[in-house]
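Order of writing sets the chain letters: A, B, C and D. Residues in each chain are counted from 1.
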Amino acid sequence: MVSILFWPLLSILVLVPFRKQNWAQWVNLLLHLPWVFFLIELIKVTPSGAPFGLMETYGTFPLFKSALVLGADTLNVSLIALTIFLSFSLSFYFLGHSKISQSFLILFQLLNFGTIGSLLAADAFLFYIFWEFMLIPLFFLIGIWGSENRVYAALKFFSMTLAGSLALLAGIFFIVTKTEVQSLAWSELSRNAEMLSAAAPWLGWAFLLAFLVKVPVWPLHTWLPDAHTEAPTGVSVMLAGILLKLGVYGMLRWVLQVFPTLYWNSTDLLFAASVIGIILGSYGALRQTDIKRMIAYSSVAHLGFVVLGAISTNATAQSGAFFQNFAHGLSTGLLFLSFGMIYDRTHSRKLDEYGGLASTNRFLAFTFVFASMASVALPGLPGFVGEFLILSGTFLQKGWWVLLPLMGVVLGAMYTLQLVKGLVFGKVSPLVESHPISLKWNEYVSIFPFLVGLALLGLAPQFLLAWINGSIPVK
Amino acid sequence: MTDVLNIVEAPLSWIILLPAAGALLNGLFRLKSTLNGLLATAFCFAAFVVSILQFLKFPEASKLADPGYLWFQAGHVKAQMGFELTPFMSVMLLIITGVGTLIHLYATSYMSHDKSQARFFAYLNLFVTSMLVLALSSDLIGVFLGWEGVGVCSYLLIGFWFEEDKNARAGIKAFMTNRVGDLGFLVALFVAFAYFGTSSVSGIMEWIADPGRAAALPVWVLTVFALAIFWAACGKSAQIPLYIWLPDAMAGPTPVSALIHAATMVTSGILVIVRLWPIFATQTEVLSVIFWVALSTALLAALMALTQRDLKKVLAYSTVSQLGFMFAALGAGAPTAAFFHVVTHACFKALLFLTAGSVIHGMHDEKDIFKMGGLRKKMPWSHVAYLVGCVAIAGFPFTSGFFSKDLILTKVFESRGVLGYGLLLLAAMLTSFYMFRSYFLTFSSTPRSHEAEHAHESSAMMIVPLMILSLLSLFVGWLEIPHMWGHLQYFSHWVESSGAKAVEGHEVEAATEWLLMGIATIASLASAFFAYVKYKKGPVTSSENFAWKLSFNKFYVDEIYDSFILKPLRKIGTCLSLWIDEYGVNGTLHGSFASYRITGQLASIFHTGSVQSYALLMLLGLLVVWGVVNVW
Amino acid sequence: MNQATDLIAGAPTVFMWVASFFAIFFALIVFVSSNPISCAVALMGTLFSTAALYFSLGNFFVGAIQILVYAGAIAVLFVFIVMLLDLKPQKLKNLPGRLPHFLFSGLVAGLLALFLFRTIDLVPKATEDSSASILSATQYAQYFLSQYQVPFQAAGLLVFGAILGAIVLARGHLGKKEHS
Amino acid sequence: MIATGQLIFSVAIFLFCFGALTFFTKRSAVVALMGIELMLNGVNLVLVQAGQIYKNAEGTSLVLFVTLVAAAEAALALSIFVILYRKYGTLTLENFRSLKG
């Protein structure tokens, strides 16, 4: 497991000598190959049964009752696979891209290191370190390479997420000092979960808050539209693709199994928040004129669905929620990627300046329509599988309350079609006319895995579902 | 089920894969001129041949099944992507692929000068694929896959000429209305998985058949399930609340309207209900709901069609009203009658749409019938075809329309009494009136516009499908002769054998049946003659009275929907999200940032820069501390 | 020598009163006068009177140091600087402008004095133990080289640093032609 | 009558307060420095008094150090004042506001 975790760091060292831009981009691509190899090795050895089936401890931090403990089960390994998938196809997109410099790639690898670290960490304090570590490269990536008011967006994103994770840190300190927990390892924490919940009522909330900010649950979501809009394409794909999922993963791993009593009491509140998130997220997307903000708000709505599934008591909605992570990751990732390619040439995000893309670049128009159909949860595409499982699970548990999120499904279709009509169909706008888009070979290659992934997960998702069903916390 | 159910393994998935392959190939390769069209037609024809082979297996096998593969399975939800074919659905299969091939052939020449044919035929084949998935899949969730697939294809095809904004908007309207309808299907699926544990149609049938388990179900489950399926059917088959998208769907090319909005997609609602008939048979309240909704749709649509000027709009409203007839038959507890009308309607409505297409094609895309006229001499073949279509739809004796409509009327009379029968008869009369109105305005008297003078007959490739369809719409009726005349009740035998027994209303003696048939024929002949008298010479400038305006503006239903439902919902939602997101959360956030800044500024007041004031403040601080320590 | 011990214990002698009066008087002048020169002279006056107080207390060594170092060196330095820069007397022109500042500092100083005077009765009485005697300079020297050896070295270092600083400041400055 | 100790202590207080006052109010830097010298003298007085009371050399040694520091400080401060005077032409404290936040 260590190899897959520290590979990004190693690749940074390798990247350092390559000052020239396209050299760095090629090296970055080649560095992904061994990473994939490590992933395959890890997948072979990951048990699908008990949570954190495979544990490895390396050395301890004496003063802090915590140790460098890494754990792997299908939950986090599948998310790692998604990270590597996104990073791999993005590295194709980066080839020959004018704005992607060496420092961008180094920060990008740092981000990957943080992501995989927080996924693998099986020790609360280690998890916290990686959780914080992720913010730093993201802050610089958005702050430097973003578009107009990127500093505001980066600052807002950083401060909101930081505030959330400070609560997490307070919780960890409290556990270390006040409770008689021998070590911060996940197995230890989850073993005496009742004692922890009894120790302090707010403790569970401290943990939960950090994740609610990251998964933008409704009231805490306002950083997402700014961060996604201002972030450069590569970063917004990663942000939408994997970083939002970390919040959900955190909820399932560190709150559901460490503070079960709190988690199940707060489900009504979270249900209300996620439903409002779905509806207001969709309406938020409906009123946007900026395309990336529209896609960002759609992520708020989709993540509302995921949280809806994550707080239900039956296995259907839980596995549906976790599967929706992948569906959303691929569909929104593809949306951001394909629009990013358009944006690289036209440099405008206003929807009414666009129109008639279908007559100038057929492939990109097809990709965009395909991705938006996936995000509208059209059956035959992964979005439907995830959303159907979540909603039928919620129906089983909450009965006719399911009609509220169902409204979200219709609203989802409304704003996506509006986006597609504005961008792809309609008369050819002067902007699209004057910037003929001819995709380079590496852009085709970077889009291809998304298309295959969406089609495969749509029609034959059982291989992934069976694999992750094993370690879904709720049976 | 009396006869032993010998299920025969059959390669049903082949029927679906063929058009799917066609769609893929057309999507990838842009061949020159009409090659794309021919490729698509070939694949559709291949599917037609395979479905004929399956059709022939039927007398022995009572059901064909193809297990397919496990689509997805988690917790209590298990979705199997399998396929099955019941006798009545095999007939529908023939319609889909048969009429589909004819329409593909017709479209090849119709779209010959369009610049993006490959995309059109890719969508068309994709549509046929999803329609086949809808018809064939064994699980309701597979049906839903086809259901939404068909919705997307109709969205893409309606908005095919995406240059004009109104086409794209019509496409969105169609997709959104279908989506609202599909919510019903989703609710039905949730109920099925929650209470029946499975979504496979045969599984649900067993659950219903077994009295022990059926009793254990909460009483509302079946009613809600039936109502949800009916709501979805309303969305897809354009019944009262959700029919608004069909007239606007005419923005798409005519072959699309013929295939999707006449023959196949709009009938999917009825197909699903007939497949789940044992559930509906037990729900009398649901049946009456269906009946009255259907009746009002039939009447309303017929009224609206009276004053339309656009030829395709007339046919669109007539489709909505004919669908009303089919659902009325279902409401009256006669799935056979409904399905028989589906088949006959598919034939003559496709014929009418295609002829309208060739007329419009000949008239260089002029749709307004007031500007047509005198096309009888200029387009003889289209004229014959249109006449046959009108005759069939109006229900002249011995045409297919006659048999199917008459069967529905008798069934409605049996179960719903005179009131239902009378209203439906009125709708039938209106149908024949507006059909013949459109016939006389387009074909008789003298050409009224420049295009009308130079209208030219369409090419052979368009005429051949017309002729085949007109033969079909004349003679398909013979398959279900009423039992007084002969025992060739081929159709009801088909439908009953696949498990859809009619609800036993009180049988009507032969005499009353003769009477009913007579009344129906006289009614349609009279209204046809009335139309002849009124419109022989040409468009009559009718006074703009209130009734006329009401009908012409489609009873302002669209406007009502917009102003009372769509706009307020959007308004409330958007400004709600604006207020909460922008001012609420961001406000608090910026507030907190601002507070940091303000405290910073406050602190800087003390930094006056003069050394002395610093010393002074330090001393003051010291004294304050000293004071506090002493006092405390 | 024990006569000196009761000096601290006994009532303040007349000489002590006079010296303290002068000290306070000169301090007042330093504060009040607007002419820097008179301030400098008044400062010297205060230094001499405090030296007198040290003698009256019997600590002749410190008194001597005070006169030699303080009065002799530092006060002279001040006067020298005042003369060098021939600072004009600062007319208290915008008195109103600085009035709040005056009042505020007066308040603070008054408060400070009040606090200090409250603690005056804590001053311990001199112990009658006559064994301790006034230490002579040599005994002080032993102290510095034995018990306070480290601070002594540090002090030496500090002075060295000060000298260096003064030289660098002065010399560096001469190099550049600066005009006010 | 008040004891010697109290008299000396009160003189020290006066000296200290007057020194503080001078430092706060005087507009010329040199005079402000004199104020500091006054305050230091006040402290010395108290230290000497304590030394006499407890009869040991600590008081005196501290006085010595204080004096030494005062000397070093005066030397450096005055040379700085010289430079300031050269550069800015005046020594009134109001003009040196560069620390303003």
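The rule is simple: a residue touches a chain if its C-beta (ideal position, glycine included) is under 8 Å from a C-beta of that chain, and two chains touch if they have at least 3 such contacts.
These numbers were taken from a predicted model, which means no experiment stands behind them.
Visitor: Just grab the chain with the largest centre-to-centre distance to chain A, centres being mean Cα coordinates.
Guide: Greatest centre separation from chain A goes to chain C.
Visitor: Using the stated contact rule, I'd like to know whether B-C or C-D comes out ahead in C-beta pair count.
Guide: C-D
Visitor: Report the inter-centroid distance (CA atoms only) between chain A and chain C in whole Å.
Guide: 71
Visitor: Go ahead and note the Å separation of the Cα centroids belonging to chain B and chain C.
Guide: Using C-alpha averages as centres, the distance is 104 Å.
Visitor: In whole angstrom, how far does the Cα centroid of chain C sit from the Cα centroid of chain D?
Guide: 6
Visitor: Taking the mean of the C-alpha atoms as each chain's centre, how many Å separate chain A from chain B?
Guide: Taking the mean C-alpha position of each chain, the two centres sit 38 Å apart.
Visitor: So which bits of chain B are touching at least two other chains?
Guide: 612, 616, 619
Visitor: Can you pull out the residues of chain A that are in contact with at least two other chains?
Guide: Within chain A, no residue contacts more than one other chain.
Visitor: Two or more other chains in contact with one residue: find those residues in chain D.
Guide: 20, 24-25
Visitor: Name the touching chain pairs, would you?
Guide: Pairs flagged as touching, ordered by label: A-B, B-C, B-D, C-D.
Visitor: Give every residue of chain C touching chain D within the complex, in rising order.
Guide: Listed in rising order, the residues of chain C that touch chain D are 5, 7-12, 16-17, 20, 23-24, 27-28, 30-31, 36, 39-40, 43, 46-47, 50, 53-54, 57-59, 61-62, 65-66, 69-70, 73-74, 77-78, 81-82, 84-85, 87, 90, 98, 101-102, 105-106, 108-110, 112-113, 116-117, 120-121, 123-127, 129, 132-133, 135, 139-140, 143-144, 148, 151, 155, 158-159, 161-163, 165-166, 169-170, 173, 178, 180.
Visitor: For chain D, which residues count as touching chain C in their complex?
Guide: The contact residues of chain D facing chain C are 1-11, 13-22, 24-28, 30-31, 33-35, 37-38, 41, 44-45, 48-49, 51-57, 59-61, 63-65, 67-76, 78-83, 85-89, 91-92.
Visitor: Which residues of chain B touch chain C in the complex?
Guide: 612-613, 616, 619-620, 623, 626-627
Visitor: Considering only the defined contacts, which chain C positions touch chain B in the complex?
Guide: 101, 104-105, 108, 111-112, 115
Visitor: Show me the residue ranges of chain B that touch chain D in the complex, using the header's touch definition.
Guide: So the residues of chain B touching chain D come out as 603-604, 606-612, 615-616, 619.
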